[in-house]
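Order of writing sets the labels: A, B and C. Residues in every chain begin at 1.
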C-alpha cells in the first residue's frame, strides 16, 4: 500500500486512472448480459429519437421560431443533448447519492482510500448511456453541415472548447443538484427538475421563453451557456433578447466557475454528512 | 367486503410517508409544465391553430399531463407486484382468500388517490396561477373531468398490472418497463399533445389505451369535439371500455399465471 | 515508543453530540443528544477487543469516528497514529472495515472483480496481491464462488468475501461491525477461527462490535461494554463475570412434572416438563435441601452464569459501574 503525498498532477492522474478502471469493470460486468445491454441501449436511442422528433415536430409546425429554422433549432437541441448526454455518462450515477446514504453503501465508499465522488460517479457505469450521446453527436454533425455557418479558423477552434465547456457545465449542474440529497435523501426528483429540466429547457432556443427566464438562466443558473450562447456564436447571430454579444466568449470561464462551485457544494455536503452521520 | 377499503387505505398511507419526495416530484412537474407550456406558446404564437388546438388548449393539455404523471405512473413506478413476482413472495399473496386483481387494484387506487390529492391538484393549481388555462364552466363538466381522471387511473392500473403479470413468464419485468416507460409517454400525449402529431398517427394513438391516461382526460376537460364519438361522452366511453377490457384481461391472465405458478426462488 | 508498540487506537474523552429536532413545525425545538460521551479507549497492537452494548448505546457512532466517517464533537482520537477525520483517505489504506449488515463489495460484480478492484483502489503491488489473494482464497474457501456476482452469494459466502476484500491490503487494524450477524453456526465458527488465526499469525489488531456473545467468548480476551454513550466496563472477560453479580442457576429434574417451585432463596424462571430452572439468591445447599424435602428429585445441576446473563445484568444496572 502506497501512502504517497504525491504532487497534485500525479494525484489527478491516479484519480482519472481509478475512474477509468472502475468504469471499465462495470462495463465488463454488464457485457455478461449482452442481450439486456443491447435492449436497454436500443431503448435509450429510441428515447433520444422521440425527443428529437418532438423538437422537429414543433419546428415543423412553426417554420421558424424566434428566428431559428428547423436545422438551427436542431443545432441547439444537439448541443444540449450532447452536453447533458456526456454529463449523464460521466456523472449521472451521482444522482443516486441519497439511495447510497440510506442503504449505508456511502459509508463503505468513505472507508476506501479513493475519492467517494469517483466511486459514486462510476457506480453502475453503463455504456447504454452512449445511446444518448451518439445520436446527439450525429444530429450535431448534420446540423453543423446544413446550417449556414461561417467556418473561420477561430470558429473551428472554438467548437471543441465550447463543447468541453458545455459538458463541464452540465457535470457541475448534475453534481450540485445531487448534493441536495445530503440534506434530503429522498429528494432525488428535486435534483431532476434541475438536471432533466435543464436539458428540456436548453433543447430549444432560449429566446422563446422570454427575457426574464433568459436572464435567470444566464446569470443565476448559467444553463444559457450549454446550448444557447454557443449556438449564437456558431451562427454568428445577435442575441434577440438584447444581451451583449461578448457573453458568448464567457462559456469556458462560466464552466470553470460552475465546477468550482459544484465542488464546494460537494465538499460542504460531505462535511455535513460526516458531522451528522445521518 | 371490508378488506378492500383497508387495502386502499394502506396504499394511501404508504405513499404519505414520503413527504420530501412528494414535494420534489411536485417541483419537477411544475418545472416541466412551465417549460413545455412556454415552448408551445411560442409555437402557437406563430401558428395560432393546429388540428383544432389553440394556445389555451395546448397549455391546459400540458398541465393536465404534468398533473397526471404521478397518478397514472406512465413512466413508473411499477406495482410492488413486479418485485414480489421476481422474488417469489407472490406465493403468499396467492394464499390470501381474496382476488389478486382486486387486491392490487385497491392498493394502487390508494396510491393514485394520494398522488391526485398531493401532486395533481397542486401542479394544476400552479399551472392555473401562471397561465391562462381553459377550465370547465359548470359542475356537470367538472364531474365528467373527475370521472375521466378516475378512469385514467384504472386504465393505468390495468396496463401496469399486465406488465407485472408478464413477470410470471418473463421472470423479470424490467425489459417490459424499459419499452413501456419509453412508448407510454409518447402514446399518452405526455411528450407532446397528440394533435401536434401528423393527423394519421395522432388518430391511431388516440384509440390506444395510453391516450386514455392523458390525452383523453385533457380533451374531456377541454370539452373537445375531436374526442372519439364527437364529445365528452364518447371520450369517457373509450376510457371505460379500455378500463373494462384491461381489467378483464388482467384477471384472466392472473388465473393463467397462478395456475402455472413459477414461483421464483421459493 | 517505536511504531510497532504505539497504540493502534487511542481515544481520549471522545464524544459525539447530535442535534435532534422535535415536534412539528411551529413548535419545533432543537435538543442536543450525546450519542457518545467521554470515551477513553486504548487498543494495543495484536489485541482482539470486543465492543459490546445494547442498540443505541453509541457503538456504531464510535466505530464511525474511528474509521473517519464521522467527525467527533469532542475529545482526541488517533488510529494508527492518524487523525481519522482529517486523514481519512490515508487511514483507509491502513485499516480494513467490514460492516456485517451491508456489503462493501460491488453488488452486481462477480466477487473476483470486486477483489481485483480492491487491489487497484488500495494500490497493492501485483505480486503482493496475488500472494495474499491465493492465501485468503485458500483459508476462506472462496474458490467455488469467485466468479459469482455478489448479489447471488449466501450471507456466509458474502461475509467471507467481505473479509477477504478488507484484508487484501494487509491492514494493521481490522474493524468489524457485527461480523457474524445472521450467519449459520458453521459459517460463524469458520469466521471466528479465521479471525483467531489472522490475529495469531499476522498480529492484526481486531476491534469488533457484536451482539453475539459466542463471538466474544471465542475471540476476545478483552471486552469493552458501552451503555448510554459511556464506557461501563473495560477489562478481561473473567473480570466482567466477577464485576456483575449475576445469579447462578439450579436445574432440577423432578420425577414428575410439578407446578413452578418457589422456595426461600430459589425462584423458578422456566419449566419444561419435569425439568425446572431456579434462579438462586441464597446458598445452593439450603435451596437443594428445601427442594428435595418437597419433591422427588432425580437429578441436579448447578450452572455458573453465562456471559449473556452477565452482560444483560450489566445493561440492566444502567449506570456506569465497575471499571
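Methods note: contacts are C-beta pairs under 8 Å (C-beta built on N, C-alpha and C of every residue); 3 or more make two chains touch, one makes a residue touch a chain.
In this text, all values refer to a predicted model and were calculated from it rather than measured experimentally.
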Connecting every touching chain pair, does the picture come out as line, ring, star, complete or other? line
Centroid check, CA-based, most central chain -> A
Distance from the CA centroid of subunit A to that of subunit B, rounded to the nearest Å? 30
Using mean C-alpha positions as chain centres, tell me how far subunit B is from subunit C in Å, no decimals. 50
Distance between the CA centroids of subunit A and subunit C (whole Å) is 45
Of all residues in subunit B, those that touch subunit A in their complex: 18, 20-21, 23-25, 27-28, 30-32, 35-36, 38-40, 42-43, 46-47, 50, 175, 178-179, 182, 186, 191-192, 196-197
Could you list, by residue number, the parts of subunit C that touch subunit A in their complex? 16, 18, 61, 64, 67-71, 85, 88-90, 92-95, 97, 99, 101-104, 106, 108-110, 113, 116-117, 120-124, 149, 169-170
State the interface residues of subunit A toward subunit B in the complex, per the touch definition above. 36, 39-40, 43, 46-47, 50-51, 54, 57-58, 61-66, 184, 186-193, 196-197, 200-201, 204, 208-210, 213
Of all residues in subunit A, which touch subunit C in the complex? 1-3, 18, 21-22, 25-26, 28-29, 103-105, 107-108, 110-115, 124, 271, 274-277
